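Got a structure here, written out as structure tokens. Questions coming.
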Amino acid sequence: MKLFNKRYHQPGTRPGMLAEPASDIFTLDLLEYDENSISVKRNLDVNVCRSFIGTEKVTWIHVQGDPPHDTLLSLAKTLDIHELYVEDIVNSGQRPKVELNEDQIFAILSFPVDNGSSVQLEQVSLCFSQNTVVSFCSGTVNPFSKIITRLNSGVGKLRRRKADYLFYSLIDTVIDFGFPLLESYSERIQTLEDLLCDSPDKAQLNQVHKLRRELLLVRRRLWPQREVINEILRDEDNSQISFETKLHFRDCHDHVISIMELLETYHEMTSGLMELYMTSVSLKLNDVMKVLTIIATIFIPPTFIVGVYGMNFDPNLSSLNMPEIQWEYGYIAVWGLIFSMTTGMLMFFRKHKWI
Amino acid sequence: MKLFNKRYHQPGTRPGMLAEPASDIFTLDLLEYDENSISVKRNLDVNVCRSFIGTEKVTWIHVQGDPPHDTLLSLAKTLDIHELYVEDIVNSGQRPKVELNEDQIFAILSFPVDNGSSVQLEQVSLCFSQNTVVSFCSGTVNPFSKIITRLNSGVGKLRRRKADYLFYSLIDTVIDFGFPLLESYSERIQTLEDLLCDSPDKAQLNQVHKLRRELLLVRRRLWPQREVINEILRDEDNSQISFETKLHFRDCHDHVISIMELLETYHEMTSGLMELYMTSVSLKLNDVMKVLTIIATIFIPPTFIVGVYGMNFDPNLSSLNMPEIQWEYGYIAVWGLIFSMTTGMLMFFRKHKWI
Amino acid sequence: MKLFNKRYHQPGTRPGMLAEPASDIFTLDLLEYDENSISVKRNLDVNVCRSFIGTEKVTWIHVQGDPPHDTLLSLAKTLDIHELYVEDIVNSGQRPKVELNEDQIFAILSFPVDNGSSVQLEQVSLCFSQNTVVSFCSGTVNPFSKIITRLNSGVGKLRRRKADYLFYSLIDTVIDFGFPLLESYSERIQTLEDLLCDSPDKAQLNQVHKLRRELLLVRRRLWPQREVINEILRDEDNSQISFETKLHFRDCHDHVISIMELLETYHEMTSGLMELYMTSVSLKLNDVMKVLTIIATIFIPPTFIVGVYGMNFDPNLSSLNMPEIQWEYGYIAVWGLIFSMTTGMLMFFRKHKWI
Amino acid sequence: MKLFNKRYHQPGTRPGMLAEPASDIFTLDLLEYDENSISVKRNLDVNVCRSFIGTEKVTWIHVQGDPPHDTLLSLAKTLDIHELYVEDIVNSGQRPKVELNEDQIFAILSFPVDNGSSVQLEQVSLCFSQNTVVSFCSGTVNPFSKIITRLNSGVGKLRRRKADYLFYSLIDTVIDFGFPLLESYSERIQTLEDLLCDSPDKAQLNQVHKLRRELLLVRRRLWPQREVINEILRDEDNSQISFETKLHFRDCHDHVISIMELLETYHEMTSGLMELYMTSVSLKLNDVMKVLTIIATIFIPPTFIVGVYGMNFDPNLSSLNMPEIQWEYGYIAVWGLIFSMTTGMLMFFRKHKWI
Amino acid sequence: MKLFNKRYHQPGTRPGMLAEPASDIFTLDLLEYDENSISVKRNLDVNVCRSFIGTEKVTWIHVQGDPPHDTLLSLAKTLDIHELYVEDIVNSGQRPKVELNEDQIFAILSFPVDNGSSVQLEQVSLCFSQNTVVSFCSGTVNPFSKIITRLNSGVGKLRRRKADYLFYSLIDTVIDFGFPLLESYSERIQTLEDLLCDSPDKAQLNQVHKLRRELLLVRRRLWPQREVINEILRDEDNSQISFETKLHFRDCHDHVISIMELLETYHEMTSGLMELYMTSVSLKLNDVMKVLTIIATIFIPPTFIVGVYGMNFDPNLSSLNMPEIQWEYGYIAVWGLIFSMTTGMLMFFRKHKWI
């Protein structure tokens, strides 16, 4: 995960300036439905959209990928989206936010895409007004495929309700992507915890660091989503969202708080893992040092003693020159000395709990 | 304790969807009482419940374990429980919360079950309206057995009061389960503290880490209970809860704050234990290294000296070739040299407080 | 200081249940006074109290120790104390709090008793209504002996004022017990600071840990007292406390904030001490390791060299077999080699600042 | 970056006292424009300015560098700037702030100048009233060159709007300078992260410390800018800023929050880097110690053994004096002993995972 | 700086009790001025003061040092200062605070006196009512000498304004003493930073600890000054302080916030220094250990080898007894073995980046 993922313009550039799209790959799908019927248009031309706006039915336009500027601006004009919002849609890496205008709600959210080795955050922009919802999603993964299936099948309340319920469903879906992410994090933490206690090595240090860093970034980028749902709930005046849908938003609010609390907890936990790691390393060092010290304590003093009797003083020249080496039990005595000396020292150190 | 204990649906699944029950084991008990009489029905059929609702007496239905969906939905219909609440009841691992509706209070709480080796959190869902209270409890341990006994015996105010007092009593019971938990934590911390100072080893490191992790998780999961009681107290308009019962809720509020503060304190304390552990390990290492250094200081230099006189230069070939080994007091002199050298060095290092 | 000091009942027990008193030792003293006269009754029977309530004079009843339940309940009935408050008085270890009722103020506070080796927190419960104040104090130390002296002497405003001023004086006294406690903590920190820099050893580690733990616990238990004074000050409607007495409560508020800030500061400081300790230990280790390395650098290489010339190759068999030992200046050369080698290495390492 | 960059007077000096300008180098440029025309005056004399104030067109005066006091005071008099604000303009190193007066807005901001090796913060002071904006910028880098280009080209809304939009554009530009700064920080963190895991050395330690220090300082100095934008947005009464421009300020608010959150995140990350560094160092130490211990374990015990048979006890004098050296397979046996001993010890330690 | 600097009475002592003055040294100066004239009375008798109160002119009484109780009480009576405030003036070490009464403002502040080796905080108490200001300052350093000079010279607005401006000027002066203090701290931090990276030693550890401790204490004691200025600014009703003077207080508010933020930053920075120190120490240890390990790796194995050929097995007794020592190239071979072995090991360890 990149530390800095915001697309920005040089300071002083005029507002409303659009960044070049990373690619030209995009799809524009349109669904129009009421309780009785549904029609799905795939890869629709942007100019055809206009005829679907303002009808009695609910219209949902979903743009996936990087649309070219003229497509986007034409769509923005049709749907009356402010140029600052268009800039936010294009310059991905925005902080999640919601703008509650009188007849329009504009929201930016992030959802995590776990592509095996790392987690990427993609931006979802939603614009809801009257009975139209437009959604823009960067990247190639469409988070709303289950919603399309539900709409097509007609099971549940989705088809029977107004656009506000569709708007809720899209937000709820994006936020719920936090749960599988958290579950995978919990497994990674669990695995690391088990490994760390056993045998700390370099690979695990990198993993703990990477995990902590990722949790820090994900937490920061998802954190404002809490505020987004909060603001929608607090907005008493806005009559666009029905009371029944607000009940569902409260449920969604519970989810977003649960997710943030878990991210917080996991982040604290990885800090704990780093400390655990360090302590494990210190403990290991102690073990290693004890081995060294035991070896040294057992063998260095005897080495000195046998060194003494390897000196070449000639006992024949003087009776003070190592007479021991001519004693009958000299050799035995040396062994005895070594043995008792080593034992004594080991006992002494053990008594003082030094080794 | 599992890091991730929430049952959730794939993102995009329609709201109100119920998870499969983990088992089919459940009991449904019903108590109906007023000041003068009480009748207890065990393992009641769900369809019979209906006839007890709406009477003058207080009705308490307690569902333990995982009821099948049809039982639950039938009960929900009888008692007018919203489908989102039913989802919360089934998908255990919810964040504690309270929903204060005009004529119904729905609350989710957690209570800890200490099964010897580890602590499990079970979800309790309560729904109170008029003179009916329904309680759902996951797992196999019924936290309310003492309440049933009190109701049967008729001692105290419980039988004389309305359903709001029963509702309070159930919540109070669930929250008070924090106290024995805290007491057991305090004992574990105390034990670890005593052990750590004496002799830090690997097993204790794991215990400290496990304890810290558990406190972190328990704290996070019980934390919102504070908000639950707070919201009940703040809800001035709601006439369902009498003034006298609110007084008791204030007492309950004191308990929940005490519990959270103690959990916080214990968590801080285990972080302190980790630091204490690390410092103990470092201190131990210092001791070990001192031993090694003393050994080295005492024996390595003399080993060199005796090595010198173990060289095979022949003093007979040249008067400069180790004449010492032919001196009369050579051997004695070597011992003297070794002794004074070692003493000198030890004194020097001691003076500088290095060893 | 115990980690868990709250007396609690098993979850589900009915509210208002009283814990068994730890002992039966208690005293009940009654003081009745106005500006002109004072009468003191020691060890009064609880039933006699009733006749002193409701008179024009100020009545102060002080209960020290663990009164039996019937005494307590009789007193509670006389003074109209709610059963939940009675429970709080008996189940010591409560969180400090204040309950501001229309015609009664009930407060729970803690005060520290420093019995040499450790600090104990005793609970003080105060109940003030009209011109009666009742105080309950657990343990054997009466914190109010100075107040009694002041009342008897009649110096100052105490006798001239109403019961609200007595109520204030009792609270102020309990809170001011924080100052001598803080002073003794500051001395312990100072002493440890001086010791730590000099020579870190195990005993100090335990002392730092114990101090930090104690500060953590004391801080947590005294913290809510701040809220107690705050609530009394904020309570505008309550006409029981005169404006002049409120001025004194503001002074008391300054004290309680000073105490909490100092406790906070001292707690932060002991965390700093722990770090200082660890760094001192590391520094010590470095010193020890330098000694070892210098010894090793000076003596291990020469030991190898003298070992070389202790080999038993016979120079007489081949002119390549250690011809050095037959050189005239061989021995001198070996010493020279040893000397220059050691010097060189020491200089090299010193230059690189390794030792 | 300097730790202390505030210019201040000695305590007790009278307010409104101006610090001596660091240099006399300054430029005073004036732009006057409306939708149709624009005139640019470079290095204008301060006394000529007066004639441009109060016209229908928008007037922007930009002062770069350190103007002398008389120039500044003359300008302040012309534009009705309070003497305290003049003091703030001169005494650079002020905390960012905004003063919302009835007919004048005075704002102080900081923008970072990255001159290769280190980051400098320069102060920008803005004063906006009616259709005049005055900007003061310390240092030599003019942050507004792009704005001047946009004004000259006439592209976009800048020329069509009133002075409030110019005021917004200047603030937005200053704040957006945070993005390139953050991007360069993210790269430095990334580079350090990659290096640290591989081989921690002293240079990196200094870099991590320098980075953390810089982030701490930048964060502190830019933090109040958040409050500045907030206050402008909150100021409902002030009719100087049009609704449309407020919309743009909300966009600017998003930017300033994004910047602060990223600075916070990066600061947390560098603390993580410090920990990673320390753990890497410990891990390295463990590796080094293992090498030492393996060497010691393999070679010290055999050295003792060969020392034994280097003793000069004469086997001919006594049958107990090292008879081994006269055995036929003695030498082989010694090698066998050494080999099996070393292997045994290595296996033993490996089994206990000590080395 | 002392950890505990508050003078307090034993708990239970009556309020308004005064501590004995530390010394009897004090001066009482009085200045009376309006725009046209000024008269200064030094070492005035307290009873003479009365005649200066209540005149048209502004009267400023400054008491430096420890005045005796009767002087103080007489002054308090003249100026109508509450007995609790008198207690606060005498019992120095108070927390900064402000008491906003209807016709009187009483403020307590602290200012730092840097006497070379350490920083002392002295208490300044100010009492302002109508056109009289009284200031009390503990210690011997008069912080207001510059104000007296300004008053005498008559330059600036001080003489032209009312007593509220004098009150502001005194507070501003006391607060601005924070800036030189911060500058000296920034220099100490800078110096330590440079030293730490080079060569960490014990003296620096003590300095870092001392600095952190001092910053912690100064921050705590100056922190409430922020609240003091805040409360003066918020106090809308109070007509004693003119609007123009409030503008100056806002400037003063900026200063006090700047000072607190810098103290915070510096405190965080010294914590960073402690970590930097620890890491430097660890790094140093690594260097030392590498030296030891290289020495050991190069010399211990060869020492073993030469030990082998120092054994006294007699090759003449058996053809298996060290035949090598009779080979022609034996000695050369040993050197070759030693050389290749050492090189091999060093290469192996280097390849694995262990040393």
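A few notes on this one:
Letters A, B, C, D and E mark the chains in the order given here, with residues in each chain numbered from 1 onward.
Simple rule for what comes next: a residue touches a chain if its C-beta (ideal position, glycine included) is under 8 Å from a C-beta of that chain, and two chains touch if they have at least 3 such contacts.
No experiment lies behind these values; they were computed from the predicted model shown.
Both subunit A and subunit D are touched by no common chain. The chains touching subunit C as well as subunit D are E.
Different-residue interface: subunit B and subunit C share under half of the residue numbers found at their contact. Between the Cα centres of subunit C and subunit E there is a gap of 25 Å.
Subunit A and subunit C have centres, each the mean of its CA atoms, that are 40 Å apart. For subunit A, residues touching at least two other chains, in rising order: 278, 282, 285, 289-290, 292, 296, 300, 303, 307, 310-312, 322. Listing every chain once round the ring, from subunit A with subunit B next, yields A, B, C, E, D.
Interface of subunit A with subunit B (complex): residues 143-147, 150, 155-158, 169, 172-177, 179-180, 182-183, 186, 189-190, 193, 197, 247-248, 250-251, 254, 257-258, 261-262, 264-266, 268-269, 272, 275-276, 278-280, 282-283, 285-286, 289-290, 292-293, 296-297, 300-301, 303-304, 307-308, 310-314, 317-318, 320-322, 345, 349, 352-355.
Those residues of subunit D that touch subunit E in the shared complex are 2-4, 6, 8-16, 82, 84, 94-95, 97, 99, 199-200, 202, 205-206, 209, 212-213, 216-217, 220, 274, 277-278, 281-282, 284-285, 287-292, 295-296, 298-300, 302-303, 306-307, 309-312, 322, 325-332, 334.
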